[in-house]
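These are the structures, in structure tokens.
The two complexes that follow have chain A in common; it is paired with chain B in the first and with chain C in the second.
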Partner chain A sequence: MFQWYAETLVRYLLVAAAIVGVMFLTYRGLRAAGVRREPATGFALIIPWFLGFLIWNLFPVAASLYLSLTDYNVLQSPNWVGLANYQQILGSDERFWASLRLTMAYSAITVPLGLALALLAATLLNQGVRGVGLWRTLYYLPAILPVFVTALLWRLLLLPTRSGLVNSATEPIWSLFGDSPPRWFLDPDTVLWGFVIMSFWGVFGANTVIMLAGLKNIPKDLYEAAEVDGAGLLPKFRHITIPQLTPTLFYLLVMGIIAGIQVFDQGLFVKVPQENFLNVYLYQQGFTFFHMGYASAIAWVMLVIILVLTLVVFRSSTAWVYYEGEVKR
Partner chain B sequence: MQTRFTRLAAIVAAMSLAVTACGGTQSSSPPSGSSPGVSAPASGGTSQAPAEKVTFRLTTWAGEDEAKELQEIVLDKINASQAEFEIVHEAAPADYYTKIQTALAGGAGADFLWLSQEYVAGYASRGALLDLTELLPAIDAPTAKIDRYFPDVVNTTLYQEKVYGLPWISQPVVLYYNPKLFDAAGIAYPDDTWDWDMFATQAKALTTGDQYGFSANSWPPVHMFIWQAGGEVITPDLASSPIDSPEAIAGAEFYKSLIYNKSCCPTEDVLLEQGFSEMFKAGKVAMFMGGATDTFESADGVVLDIRAAVVPKGPKSRTTFAWTGSTVVNAKVANPDLAAKALVALTDGIQHWKIVSPLTDLATADVIKASFPEKWKPQKDQQVDAILAATKDMRSFNVVPRQQEWDDLFWREFQDLLYHDKGTAADLAKAVRPKLEALLK
Partner chain C sequence: MSAPSIPVEAERRELRPAPQPLRRSLTKVPVYVLLGIGAIFALVPFVWMVSTALKTPGQLFKFPPEWIPNPVAWGNFGEAWTALPFGAMVLNSVFVTTLAMVGELGSAAVVAYGFARFQFRFRSVLFLLMLSTMMLPWVVTLIPGFLIWKQAGLINTFDPLTVGSLFAWGPFYVFLLRQFFLGVSRDIEEAAIVDGANAMQVLWYVMLPLVRPVLLAVAVLSFQGNWNNFKGALIYIQEPLERFTLPLGLQFFQASISNEAPRWHLMMSMSLLMVIPVVILFFLAQRQFIEGIQLGGVKG
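Presenting the complex of A and B:
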């Protein structure tokens, strides 16, 4: 055991020494090329990060683009197939479209609803509540739990039996309407709603804390001026709070869309009867079915979808996001 | 400035070291010299092997207890007795197939790997496994002789008539039953005279209140009942999936008549709430189909009086499913001859540890009885006859390279829909057969 650790330690030392060597050579090279000491030192110091970015980010991204144009099966060398993977995805893959529908529906519901509920909670917490730090911590706590823990927890809470707390608590309400509680993750028709409920656990808490920070940054004199003019609660909320909060809402909207479409862990840990999220389908194609080239193509289609939606939000932001000091033309 | 740079560089180096050292705690890397089949000093484990021994790496899905048993019962003995090689075990109990797949892709795959039956053809067809067809006959040991194995079990290690692994376990499904519940209902215990009708009738007779006669939740696999009716899900030539044949439909319909049917079995909701095998252990289910190595104890650790019989006979046969595990060899192993020899030694060791051995010579009552720890002997000793009888009718799947896709489709568009009343077996089978057969090509 010690021998293994010693060899590993030596490798780590060699890596550290190599990094220092590269930094040193960068510095000397730049200096020899006539670069002044200060910028040469700066470049030398960012070289480790830059190399890390090249090796661990840019190269895999470029490699996945190449693999998406191949039939790579993980265990053998890839063969070029051109756009065949993309044609299959967009043309004849029913499972892709079913997964995409579930993913888009999930995002379309969870993102706005999550923002609205988080805004409500943040507004309440911003009303001079005593012990706001404690409340803020309590709201944020669920967000720091690993997603798989949340997924397993909600899988139990949404059991369609007496053990499922949600159904157990709401059964009297359902029976009032002569109905029975939903079967959640066992019924393809209610799977989406099970995931939606699960999503509020983490996103709601994180969004609330960020919105609370946004609310705290709104200048109080704006409210004072409005009160002098006789404005009530709703006008103040509509004409001061919302416009002042739009940069925060914009940020949370963009991040929510990206996270919503990339949702993965929940789908992986909760078995559902038919289609799952797009990212889970991607994982299944790559790691279960050995279609890594095809999975890479799905990843790029997903990237394009996220890019388009993000672009739409960015373009629309000029119409609804307010930045102090910004000059409207 | 030179001094300033040197200081900054030293800080960065120290931070890099700290970061890499912290990250390293997650992966206790094996020695660099233990790359496939390359001579390396022995390390790890308990044996102090001479330096000239070749080190082979074995990756398995064994959990903590199983890995400990594997080391003590199998590997320590092999490493102590073999002069040419030693085997170092690397357990990967979580995300096993993802890990070995990425390790093989990165050229860091172990020399030996455990594969469940449905994976061998896929890995072999993609060139990841060593062809053992010519290597095994040269080894003078029963374990190396393919014709000494149960034919319907060893088939899972073949791909295009070449041998890609050695099976070390074949667990036939047997019918476990709780004698107390049978005695209370005044029903005779199941035996080899039982057929489907008798089984279904008695399962219903044993169902009363919150007690059920039988339990199914897609286990045991529907394939078994299709085989018993004379049908196939994938033909032996791997060319078709005749699941819409009258025999296959009969098997699927019989299974459908049991699963989640509250007149004989727990519903899906009840199973979710109370647990599948837990209900049997709690005395709420009278009959349960399980693998030969299954053991049963109560929640407070008492070994239960559970007996076993062969599964009921279908219209054509009593065929029972046998889950099979095999050890395969990495195609990139540097010393194939020695690797084959080590594989045989390893497989022989495991076959004396796991039951039932797929080697016909070792499928005996004595070997089975000897493989169980003292704690389980009272329970397993009275099940041995049924387990041995089941080996005569056991078989594994006919496996194709795209088996995972086939299984996924068979589940989503046939089994899941059938069990949830979304169609009849005949209609669903007819619709999905062309899609299934497209995956065989």
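Presenting the complex of A and C:
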């Protein structure tokens, strides 16, 4: 068994040596071609990333675009099918649309609400409470668990009937309305809400910490000036805190959208009755059914969705992200 | 830029004389109440996880819920350890995490130094290109990446999870380190260069020691990321069980849970065994964790 380690270790060291070799040759080559010392060193130093970019980004992106236009299935060499995969995905693939709906609904709910909750937590922590460090640790704790452990834990907490802690604790509330408690991940109608609740648990981690740092960076004299003018808590929050924090919010929104649409780990650790997230569907197409051409096409559809959404947020940012000058609403 | 030091900030505020101490602390009551509710929401699932990990199958779904299992089933950890080849999985995870961390940090430092300190053509274009790859969905490069490793005959080895790290696969870490290299005064470096040191020596002996706190923060994030790397293991390691990493082992085990076989106690003890290193690291290096996270956000 240690042989596996040894083999990987040898190849790892060989690749490392090869990269260093390429760096050295790049430097020598550039110097021989009459490039000055500084640019030659600079180029040589970024070689590890540049090689990686060619091998792990540029080539795969081009290859996956090509594969998306073929019927590649691992066993046979790819046959060109033109846009057929895309036509099938967008035209008649019910499972694609169902996964897309779940994924988009999930992002549309969790990204903005998650930001709002994290902002609430950060604002509270910023009120000069005692033991900020301790509170911050408590709020960050759920975020140190890997997503899939969180998923397992919430799958347990959200078990149906009285088995799950959530349902046994809230049963009186449901029976008050004459309802039986939801069956969460076992009922296609409530799967989304199971995932949403799960996501809120981890949301306080990174986002709260980043927003708290953002809040600390707001100049104190802005608040002091507003207090002199007699501004209350809410006006201060609305006219100072929010505008000053918009660069942070913008960053977190973009990152949140990109991550939200790509949710994956959760989906593979929770059994759901019908459709799962888009990436889980893609994974099944590619690695369970080996429809690799088809899966590549789904990946490109996802890339386009992410690009469009990011572009929209970037475009809108001129209207609401405050860097200097007045806030436009 | 310097990392904001929050504890000092908080102390200063508490030292500031409050005009009406009683009223001021009274107005904070709702704040503490809300914070407390949030903290309960954050903590209760943890407690339930530990509690479930220590239950016998018969205690799992008792109503009303039992918080402190009686008797405490310590044997679950032993059973969880043998239900899967857990020892091998731990070793695999340690091996993969170590190599990937070293490769990721080493290459990121070299590349970041190149971007930070040397003028060359297309430098900003290349840097932007690097940052833009962070936006690329991983599924776009997934299948060709898989085919590369398959062509090389290295599916079911640890290579895909480790060797790629040598190519600075974490642009975010390059970005962070570059920001900090930019903040180091050039005089220190120049003294070393006059002494005849080459770029790699300057990086190793001068620059890296100077940015050690950031390096630690990045190391902590990198450990967490690689230790929890589920996707990579799922794609590249299919068999045998002895070659699984911990996340993959957990996923394998969860598939066997059903209404007929509710092995949640074992599932939770396995999860606990897996997260314990990260939890310990978090408490040891809390500052680095939180700073690492903040740096990402503030610079963004």
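In this section, the second predicted complex is superposed on the first by the 310 of 329 C-alpha atoms of A that agree within 3 Å, B and C clash if a C-alpha of one lies under 4 Å from a C-alpha of the other, contacts with A are read in each partner's own complex, and residues count from 1 in each chain.
Methods note: contacts are C-beta pairs under 8 Å (C-beta built on N, C-alpha and C of every residue); 3 or more make two chains touch, one makes a residue touch a chain.
Just so it is clear, the model here is predicted, and its values are computed rather than measured.
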| item | value |
| --- | --- |
| Contacts of A:N79 with chain B and chain C, given as first, second, both or neither | neither |
| Which of chain B and chain C A:T41 touches, first, second, both or neither | both |
| Comparison of chain B and chain C by chain A residues contacted | C |
| Which superposed partner A:T288 touches (first chain B, second chain C, both, neither) | first |
| First (chain B), second (chain C), both or neither touched by A:T318 | neither |
| First (chain B), second (chain C), both or neither touched by A:E7 | both |
| Partner chain in contact with A:F24 - chain B first, chain C second, else both or neither | first |
| Touched partner set for A:S175, first chain B, second chain C, both or neither | neither |
| Contacts of A:Q274 with chain B and chain C, given as first, second, both or neither | first |
| First, second, both or neither for A:A206, with chain B first and chain C second | second |
| Touching both chain C and chain B, counted on chain A across the two superposed complexes | 1, 4-5, 7-9, 12, 15-16, 19, 38, 41, 44-45, 48, 159, 162-163, 287 |
| Sites on chain A touched by chain B in the complex | 1, 3-5, 7-9, 12-13, 15-17, 19-20, 23-24, 27, 37-38, 41, 44-45, 48, 73-76, 159-163, 183, 186, 273-274, 284, 287-290 |
| Contacting residues of chain C [partner chain A, same complex] | 4, 6-7, 9-10, 13-14, 28, 31-32, 34-35, 38-39, 41-46, 48-49, 52, 60-61, 63-65, 88, 95, 99, 103, 107, 110-111, 113-115, 117-121, 123, 126, 129-130, 133, 135-145, 147-148, 154, 157-159, 162-164, 166-169, 171, 174, 199, 224, 227-228, 230-231, 234-235, 242-243, 247, 250-251, 254, 262, 264, 267-268, 271, 274-275, 278-279, 282, 286, 289-290, 293-294, 296-298, 300 |
| List of chain B residues in touch with chain A within their complex | 1, 4-5, 8-10, 12-14, 16-17, 20-21, 24, 28-32, 43-44, 97-98, 101-102, 104-105, 122-123, 126-128, 268-270, 272-273, 402, 404-405, 408, 412, 416, 420 |
| Residues of chain A touching chain C in the complex | 1, 4-5, 7-9, 11-12, 15-16, 19, 38-46, 48-53, 55-57, 59-61, 63-64, 67, 120-121, 124-125, 127-130, 132-133, 135-142, 144-149, 152-154, 156-157, 159, 162-163, 165, 168-169, 201, 204-206, 209-214, 216-217, 247-248, 251-252, 255, 258, 261-262, 264-265, 268-269, 279, 282-283, 286-287, 292, 295-296, 298-300, 302-303, 306, 310 |
